[in-house]
Each structure stands twice: as C-alpha cells, then as structure tokens.
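Sharing a structure, written as structure tokens. Questions coming.
Think of it as A, B, C and D in the order they're written, each chain with its own count starting at 1.
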Amino acid sequence: MRIETERIGGTLFIQINGELDLHTSPMFKETVEEKLAQYDFIKHLVIDFTNVEFIDSSGLGVILGRFKHMTQRGGRLSAINVSAPLRKVFELSGLLRIMGIYDDRRQAMGN
Amino acid sequence: MTSNYLKLRFPSLPENVGLARMMAASFAAQLEFTLAEIEEIRVAVSEAVSNCVIHAYPGKPGLIQMNLAIKNNNLVIKIRDYGKGINDIEQAKQATFSTEPERMGLGLVFMESFMDDMGIESQPEKGTTVVMKKHPERGSANAGLSRIS
Amino acid sequence: MTSNYLKLRFPSLPENVGLARMMAASFAAQLEFTLAEIEEIRVAVSEAVSNCVIHAYPGKPGLIQMNLAIKNNNLVIKIRDYGKGINDIEQAKQATFSTEPERMGLGLVFMESFMDDMGIESQPEKGTTVVMKKHPERGSANAGLSRIS
Amino acid sequence: MRIETERIGGTLFIQINGELDLHTSPMFKETVEEKLAQYDFIKHLVIDFTNVEFIDSSGLGVILGRFKHMTQRGGRLSAINVSAPLRKVFELSGLLRIMGIYDDRRQAMGN
C-alpha cells in the first residue's frame, strides 16, 4: 500500500493505493493522525478509493476510527470513488449510512 | 481424476494475510467463480486469517493451517489455529461483538455473508477451526447445460 | 522477529505448476528482488515442480511438498516428492539429458543457472528433494545503505 | 492460455496469450498440429510472443518440437516480439541460435 496526501486549506485529501487490511491499515492510521496533529484546522477528510484494490473489516475499522476522530473535532469525513465491490462491504458494515459518499472531489467539497 | 487440494502452513504474521487471500483466490480460479465471487472469497479468507493473527495468537506468532480443496464443484476452505480459542461462539458471531475495543466485530459476519456455509469449532486454549464453503453460481448453471448438450 | 515461512502440500497435477510458481513469486516479494530475479525464481520453481509431475509420479498424481523460507535475507525453496527418484544425479544435471524423449533436459540447468545455489538429494523409489537458494542483489546493497544512514 | 491463429497463404501466424508451461503446452501443440495437418501447404510458422507472460523448458520443448516439424516438411519457424526475460531462456536453451528471431511480422516475412 502507498498513501498520497494533499492539503488544501482545511481539507485533507488522502489517496490510498493498494490493499487496506490488517497489515497495511496501521500505516494508513499513522499517516492520517500525523497530519491531523500537525494541522489542527483540518476539518474535512476526503478519502479517495479509486486505487483501493481490497478492503476488509480491519481496513473499514481504521476508516471508522478516522470518522470518529473527525466528528470529535467538529469535522467530517467523505469517501469518493467507491467502486461496486467496495460499496458492498461499506454497506454491510453500516459505514455507508453514516459517512458521506460522493462521486468525486468536487461533489465532496460542495456538500 | 484426482480432485485438487492445497494445504498451507505459515506463521500468524500480518503480512501473511495478503498472501493467504491471494492463494485462496488463485486456487479458487479453477472453479467458474465470477470476479465478484472471488472478491467475496478474498474478504472471507482475509477475515479468518486476520482473526488468527489478532485473537488466536495475541502475544507472539503461532502456526496457521489453511487447507483449500475442491469437492463436488465446491470450494472448501479450512482455517485452523492452535491459539486462544473462543469462549462463546454464538456471542462471537454477533455483529459488532469484539473482544478488542478498536475492532469492528464484523469478521465473522462477513465470512457468513460472503460464503455459502460457515462453521466454527473452538476450544479455549486449544484453538479454533473455521470451515467455509462456496459454490460458483455460474458453474452450476454451466454444469447443467453441458450435461444437456 | 519471527522470520517468515510458507509450507505447501499439493498433488502433482499439471495445473498446480502455475499455482506453485505464483506462490513462490508472491512469497519472494518480501525480499528486495528485482522483477528480473522474480522471473528467474518463477522459472526455477516451474522446472522443479514440473519434474515432480512428469518424472517423480509418471503414473498417477502423488504428493508434492514445497517449503519457502526467508533465512538471513535469502530465499530458500525446498521441493520434495516421494516418487521414482533419480538414479544418477550427475547425469541428470547434464544439459539436454532427459529420460523422456520429448523433453529438453534443461530443467536442472535452468534451476542451477537462475538460482544462487541448488542441491539435489534422491533415492530411487523413495523420492527426490531439491533445495534452491537465492539472494537479492539489490537487497544486500540496500541493507548496507540503511545501516549507514 | 489462449491461442489465436491466422493463416495468410502458406504462412500460419500464432499468437500465444498467457503462460506456456507443462499445463498449457499440450494445447499449444494440438492447435498448431491440427492446422499443419489441415493445410499441408503451410511452410512458415510465425509465433508472436508479445503476450507470453511466462515460458519454461516445457514451453520451449513444444516450440522446438514445432521447429523440428517445420524443418521436416521443408519449412521454417520464426519467433517475433521476444521480450528480454524470454530472450534469456531462449538463449540458454540454444533455441535463439537455431530459430529465426525477428522484431515483427513484416521482418519475419521479409526473410
């Protein structure tokens, strides 16, 4: 897995490349938490799932953890480019209902 | 015809979760699973092997056995550990139940949803065995057709 | 740190040659092999497992064991069968020597050329064990650098 | 593995897609031998290796077998689009020396 981040104002864009599972999710968590600690004005986390080849409940767990953290600090988390196979596990896990899911960056920013 | 099988033994290291799911997916490709079904198999195996890594051997890595077999056009996956075991299997199966605060408690739910059949046997301090089965939807239709034609 | 291993058991079916080489390649990816080195590993494993399928168990399929391990930044591959065995190992290793008229007699040559080290033990009617080792060229350089920085 | 064939006059073009090993090489052999039996005026076999992802000595063996067959019937065999990793096993096996290896169809036809 490889993670790219880009901050524009109070929004942190995160692109995950590869598989998000028990092995790789700690690295995702660390990367995001570091940025959130560094810039306390970040209020919106936008995670791009275009290049996510796999996710299981360990991966969903760290996404949910970041969702909770953003809510705590009065912000929010959006997911973009969630493909059909990923959507299924998002749905089963209940994340689909609580998270903002958008088609692309622009839509996520608009809401 | 000898029907195929693949028996694996590896230590419960996080990096082996990905290897295990890749091997299960490659083995499963012998049957006529759709890509969506292969994805479901990958998730189920990932959950079962992750459970061995986190719950069965929380302290230091232990042995995981994964047996893959084809039986009557079914994929049969058996995943076994010799770790901590599960006290109450019915409770463990409940959605969002987890003995680890940071985890979602959805592993067993995913395994049950994505496979046709899932069974667990466990003994505290002896270990846990999970058996999962899946039948290719398309494969059964084709088998029917080829018998007719 | 527990160093990683993967032990496999499967029947000597031709379709398992591809599975075996894919598993070896995926396991090898833990070390810093180049793509060209991974290709060489795939060929070596393919040759060794094909030999079990054709020569060790010419009649009906038998058991193949493949053990993969990381030892001191080396990939160690052990492939074992309980089949026919080799009468004269030195002769078998010669380029173009084959007991099958249609085959090239290059399997053992490829294994020796593509791996850093290759050893064979065999007993007629008992079986054959091949052990191959390979060290990533790049990995050794990197290990040095990371120690310095 | 998947094989595509195209016959133009006395030349049979064969495109191999996938891995050529112990498991798949019998199918390659059959396909080619069938065509050769069907059209006895085929004198040139051009094998395109563009999409060959893997070859080992079992795969090279069936190529050599077809080379011998073509020589027997007074024809020849050419290989095109042989990538660097394949070239190494072609070289080690000696096939590189005896077979015609060309960049593309046009070159193979020209010689």
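Please note the rule applied: contacts are C-beta pairs under 8 Å (C-beta built on N, C-alpha and C of every residue); 3 or more make two chains touch, one makes a residue touch a chain.
Everything quoted here is computed from the prediction, not taken from an experiment.
A.B. asks: What is the set of chains touching both chain A and chain D?
C.D. replies: none
A.B. asks: Please report how many Å separate the Cα centroid of chain A from that of chain C, as a whole number.
C.D. replies: Using C-alpha averages as centres, the distance is 42 Å.
A.B. asks: At what distance in angstrom does the C-alpha mean of chain D lie from that of chain C?
C.D. replies: The mean C-alpha positions of chain C and chain D differ by 27 Å.
A.B. asks: Touching two or more other chains, which residues of chain B qualify?
C.D. replies: 15, in rising order.
A.B. asks: Any chance you could list the residues of chain D touching two or more other chains?
C.D. replies: Residues of chain D touching two or more partner chains: there are none.
A.B. asks: What pairs of chains are touching here?
C.D. replies: Contacting pairs: A-B, B-C, C-D.
A.B. asks: Which part of chain D faces chain C closely enough to touch in the complex?
C.D. replies: Interface residues on chain D, with respect to chain C: 19, 21-23, 54, 56-58, 60-61, 64-65, 85, 89, 92-93.
A.B. asks: Residue numbers of chain B touching chain A in their complex, please.
C.D. replies: Of all residues in chain B, those touching chain A are 14-15, 17-18, 21, 36, 39, 42-43, 46-47, 50, 53-54, 102-104, 106-107, 109-110, 113.
A.B. asks: Quick one: which bits of chain C touch chain B in the complex? Just the residue numbers, please.
C.D. replies: Going by the criterion above, the answer is residues 2, 4-11, 13, 15-16, 19, 22-23, 26-27, 30, 60-61.
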